[in-house]
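Pasting the structures in now, so scroll down.
First chain A sits with chain B, and in the next complex the same chain sits with chain C.
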Partner chain A sequence: MVYVDEIDIDQEGIAEMMLDENAIAQVARPGTSLKLPGTSQGGGPSPAVRPVTQSGRPVTGFVRPSTQSGRPGTMEQAIRTPRTAHTARPITSASGRYVRLGTASMLTNPEGPFINLSRLNLAKYAQKPKLAKALFEYIFHHENDVKNALDLAALATEHAQYKDWWWKVQIGKCYYRLGLYREAEKQFKSALKQQDMVDTVLYLAKVYFRLDQPLTALHLFKQGLDKFPGEVTLLCGIARIYEEMNNISLAAEYYREVLKQDNTHVEAIACIGSNHFYSDQPEIALRFYRRLLQMGVYNCQLFNNLGLCCFFAQQYDMTLTSLERALSLAENEEEAADVWYNLGHVAVGIGDLNLAYQCFKLTLANNNDHAEAYNNLAVLEIRRGHVEQARALLQTASSLAPHMYEPHFNFAALSDQVGDLQRSYIAAQKSKEAFPGHVDTQQLIKQLKQHFAML
Partner chain B sequence: MAAASSSSSSSSESNEANSKWLDAHYDPMHCPSVCLSPPQLVVGDLGMAGHTMRLKVYRGTGLASESTLLDLPSAVVTFLMDQNEPRTPAVAVTSGPFVYVYKNLRPYFKFTLPPLDANPLELDVWEQAKEVSRWGGGTLGQRRLCHYPTIPFSVSPTPRFLAQDVPEMENFVNLHKGQPIKRQTVITCMSTLKKNMADEDAVSCLVIGTESADVLILDPEAFTILAKMTLPSVPAFLDVMGQFDVEYRVTVACRDGSIYILRRESKRPKYCIELSAQPVGLVRVHKNIVVGCSDETLQGYTQKGKKLWTVYLPAPLMTMSLLDQKSRGFQAVMVGLANQEVHMYRDKNLVDIIRTQDVVTSICFGRYGREDNTLIMTTKGGGLIIKILKRTAVFEEKDTSLGPPVAQSIRLSVPKKTRLYVDQTLRERENAVAMHRVFQMDLYRLRLMAARAYVKALESSLVPVTSTLQEPLKMNAVVQGIGPTFKLTLHIQNTSAGRPSINLLVSFLYDQSLYAMKRAFFKTPMLVPGLNYPIETFVECLSDKGISDVIKVFVLREGQSMPLLTAHINMPVSEGLVAA
Partner chain C sequence: MPEGKSLFREVLPKQGQLSVEDVATMVLCKPKLLPLKSVTLEKLEKMQRAAQETIRQQEVAQREQQQQSQQ
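== the complex of A and B ==
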């Protein structure tokens, strides 16, 4: 039997994201919002070292529903299919994945619905607590009929004289699904008053997360930790929030706490590993990934990471073997594209630019939208003297991934060399927007401004 | 921001707004003063053409008291004499062989250096002069004394006797022959030394350097000589650190162009630094000695006389003193130059420049009134300048003059190499050959693999970028939408330098049971090099099973079946069925 982990499955739909009416302030104060990731500096590495996602956060070591692309800035970004996700965003969280779960189960039951909801007398079943709970779960998870589920839960909690915390949590879940976050918050809080439960804390934190109140969520998690010391899910929740808020050092600290409690926590190991990798300690990252391997994780991504760590930690004998294995383990073309991309990096590292060129081309053959590969290919083309092609590639890269500063900067530098100062300036401005601290961009802009002043 | 603003301030010191100093007081027509002393009052001495020498005490910007001095003062210090409350410091002024001590603005005590033994020859001559007849005695004495010009004369009448004309000598001898013969030395410099506690308000001894090449330490209460040390030359500048009862160190710059370092219990100097030129000033910063020399250099030495650095100054040095900003623990050397500037050096780095209205002849930094960081300068023309250091002022470590850039001294936060890394390098060192072989073999295999895949991709034109000379093209596709209808945008660009592409076709290959396309075949317009041509079409997903497929896009040349370009588009899962 499959039981849905309701806590982790969560993805904001386009409607919630673009038409957000729960935000308290349009322009939140620095460090209090998840929407302005650049404002809180937690001493993480700069985008020059660690790549960032569309919303300007450093990539994490573990793909979660919310890490796939962050919050898009524009409608166009929102409806575009992001990398590593196989679908665009759902319109609302009421549709999307939940529907697919429902349809997937329908496939196994071709002759029709098991229970016909419209004919049920919910009031009758609400009188029988044990049956009502099972029925609720069926309606909620299997049928994905939140309204009916809410009706049943409301009747049942009334029958229980508002003394059963379980029903309150279920009502809260229903409200959450319906997007009534404040109501959901009330229900969860009331349930917490009756009974301290880790689950309830996590649900409530989800509500705050959706309301863009990360600090309240943090506070809640820390209160939860007082009652359930060392609870892994709570610690992990704190770490995730810090990570989302760009406070990488604190996030790593909490992931370490997680590992103290549960030393097989894949997410924590992966996140700490990637953090070490990007802070110039690949040999330690290698340890963490090896640990994952020992634990039985055996997939393309892990071997890919192992290969890269080996390469940067100068363990050359293991590098290519790992990457080759990663390539053979790739389940789809996108994974293969990523491995080819990294092979291209290794080739650049050993100075074999011909091989690098082939690798990046193969990346594009496997994944047409690989912006990083377009950028790197463009740099190789510049070295070969093919300026026009390089420009076209850079333009593609910057249109595919406007959040990356590299294509913008490369385009600006290239245009500057060719003498197209106007385009160079525009691209440099975009690069500055993506990475305000980039010194080369600043210098280029300064130089261009001097040029303009001279003209 | 902070760095930017401070760097601009150093480049334009004259700019009042950016200066670190506030102008508190400037009195251009004041008096030519000789010495200054800090804590709560300024003591200015005036010696105009050898008369009307005065000791002046200031409070705020006004004169608080004035007392006449008998002779030219050579040094002024303030010190605490006793433990009595309230702790008012005394002022010691040296002139000639005397130390005048003032307390509560009144003369308090006069200390005279003990007389030296007179030259026996001179003594002898005068003895004779007393006895011998008046004609012979004078000439004899004159002749004999003139034979020994190297003899140090006493303060007694002899030098004046030698300056007389012969006829007057007689009278002179007669006049003075009854007086006792004594030899008196002169004080050249003075400093203070804490007696037994290092506190700010501890009792201090006076340290005196004399013309007879001695250094004396006086007891503050009884004014007896506690210690006496002899130097090879006449001291010019003194610097003292430590406590008398514990351990102390006297650094003396002498007129023979050497610096001698004396320690407790040593009668003779322990270290000697031979300078390249005559010393003009001596300051101790922390444990290092900074000497200003007459060859326009500032030199740093360690306590043991090892040379650390030399700074070449833009103008001759007039005076120097220590800047001790206690609140920030900052110490620097202030140097008054002949080009009307005061430079501040922290070690060898120039940290600030003050331009003054006149050449600064003496300088002093410390607490004045209620202000902790006050700079008081007197000028050659007799002006008095008082400046206050802004409380927000921070002296940058960097050098405002030429030298290594600041970036050189910024530490990068490079993570430490871990133990693990060291272990791995060990492994690397031991198995270098094997590792290299494995890597090279893997590399050959990788090259083969990549070349095979690349050829395969080229043959089936899988790559979305062609680099053939005839048709350099680039294509990428973007899918937008949630479903069931998606918008598919192809971006086609001609990347050749100057050849337009004509007669190109775009076609799609897809599973017709899953997708329906509004238009599955395009004839592209003429592609001008460098421009991006978006081609849009709509794809409808027919399935409601939540599955997706790949749509292939081909760019073809008219009349050829082999595609120039191929792109595989991974279609997203249609989400829109329920919403629709």
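== the complex of A and C ==
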């Protein structure tokens, strides 16, 4: 039997995301929305050093069900599998994991369900508070039948004369699953009035997150911290919001705060570690990842990160062994592809371009949609003088990942070299869109404009 | 190494114009640290894999039954 944390579980389907009417402001002011990644208030790293995800946010050190990919901007992006997690996004959350897992539990019970919900007399069970609570949890978590669960909760809270905060939280949970966020908010708030609970604060923050009101959620967390000083989940929630809003320095500060309370918090250690790595301090990042290893985390991702940190911190003896271990621990082809990709970087770093070429080829053999590998392979092809192949690879890379500036810029520079100024200009514009601050792109555009003016 | 010094002497142009041509180099994508997965996510993926495995087994069993009935 597997228990899953209800607070953490959260997956938006394509339909919810694209047809989202819950956000209050469709054109939000800078710094008040999670939908506009470009509105960082400073502290965000530049894409020149830290890779970005599909939605334009820097990659994080930790993935959870709700942060698997951020919010894509267009339908096309939404359908495409996100970079950090390779499970396809469901069409709606009604067809998502909850339901698939529900059917799975049916499959494992050949004699049929344990309780036949449609034949239950909910009104009768609502009279018995202790039984009702257990029954509710069974219906909600095991059967995934939110409507029946809501019916039971409504009857039970009526029976308790609206004095039991627990039922209010459960009703809120049901409303949240049904997508009725405003109603859920009301229930959670009313429950909080009766009884201060960390869980309720976290559920309410989840609602605000869905309503795209990160500042309200932050405020709520801080209020929660007044009542529960030093509560790790609240601190962690604040850090996550800052990270989503691209304010990495504040996020790191709160993750540090988390570590002061709980020095075995994997998420905080991983996020601070990746932060150090991308701010040019791989040796400090190495210490954080080594700490995770000491704590017993033993998987492909950790060894990959250890290998990379070792390489960039110039501890060459550990690099290849770590990456080899990562390869042997890879659970699926996508993970193996990422490790090969990083091995390719190590090969570029030591100047063995043939090895690098083979590594990137192996990346593509494992994962045919690896845009970064296409781009790097193209750069190697240009060095070998194979312009046409490089061009094709760059086009593939830029169509796979329009959010990255590298393939656009490389394509622009390549086209400029062979004299195809029109294509160069178009690609340079795309590169500028993806990374406005890139100096080389700006120079290229300036140069091209001069060319066009002379014609 | 006094002899070595006389052999190789650096050339520093003091007169005339110094021109530097700035060639834009191609950009490599950056190395990617892989994000660790949360316990919940790992569990969910494990459950999903198990569910898919059961479904696959059932489908295989069904197909075998159909084949047998056709024969």
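Just so we're on the same page, the second predicted complex is superposed on the first by the 449 of 455 C-alpha atoms of A that agree within 3 Å, B and C clash if a C-alpha of one lies under 4 Å from a C-alpha of the other, contacts with A are read in each partner's own complex, and residues count from 1 in each chain.
Basically, a contact is a pair of C-beta atoms (placed from the backbone, for glycine too) under 8 Å apart; a residue touches a chain by one contact, two chains touch by 3 or more.
Quick caveat: nothing in here was measured; it's all calculated off a predicted structure.
> Between chain B (first) and chain C (second), which, if any, makes contact with A:Ile248: first, second, both or neither?
neither
> Report for A:Asp369: first if it touches chain B alone, second if chain C alone, otherwise both or neither.
first
> Please indicate which partner A:Ala268 is in contact with in the superposed arrangement: first for chain B, second for chain C, both, or neither.
neither
> Based on the superposed arrangement, let me know which partner A:Leu377 touches: chain B (first), chain C (second), both, or neither?
A:Leu377: touches chain B, not chain C.
> Just to be sure I follow: which residues of chain A are touched by chain B in one complex and then by chain C in the other one?
In chain A, residues 87, 100, 103-104, 107 are touched by chain B and also by chain C.
> Once bound in the complex, which stretches of chain A touch chain C?
2, 4-5, 8-9, 49-51, 59-65, 68, 84-85, 87, 97, 100-101, 103-104, 107-108, 266-267, 270, 273-274, 277-278, 292, 297, 299-302, 304-305, 308, 312, 335, 338, 341-342, 345, 348, 371-373, 375-376, 378-379, 382, 404-406, 409-410, 413-414, 440, 443-444
> Taking the touch rule as given, give the residues of chain B at its contact with chain A in the complex, in rising order.
Touching chain A: residues 414-415, 418, 420-421, 424-425, 427-428, 431, 434-436, 438-439, 442-443, 445-447, 449-451, 453-454, 457, 462-465, 467, 472, 474, 476-483, 491, 493, 495-497, 529-530, 532, 544-546, 548, 567-570, 572-573, 575-579 of chain B.
> Over in the complex, which chain C residues touch chain A? Could you list them?
Touching chain A from chain C are residues 24, 26-41, 43-48, 50-51, 54-55, 58.
> Mind pulling up the chain A residues that touch chain B in the complex?
Against chain B, the touching part of chain A is residues 14, 76, 79-81, 86-92, 95-96, 99-100, 103-104, 107, 279-281, 283-284, 287, 313-317, 319-321, 323-324, 332-334, 343, 350, 352, 355, 358-359, 361-362, 364-365, 368-369, 374, 377, 386, 388-389, 391-393, 395-396, 399-400.
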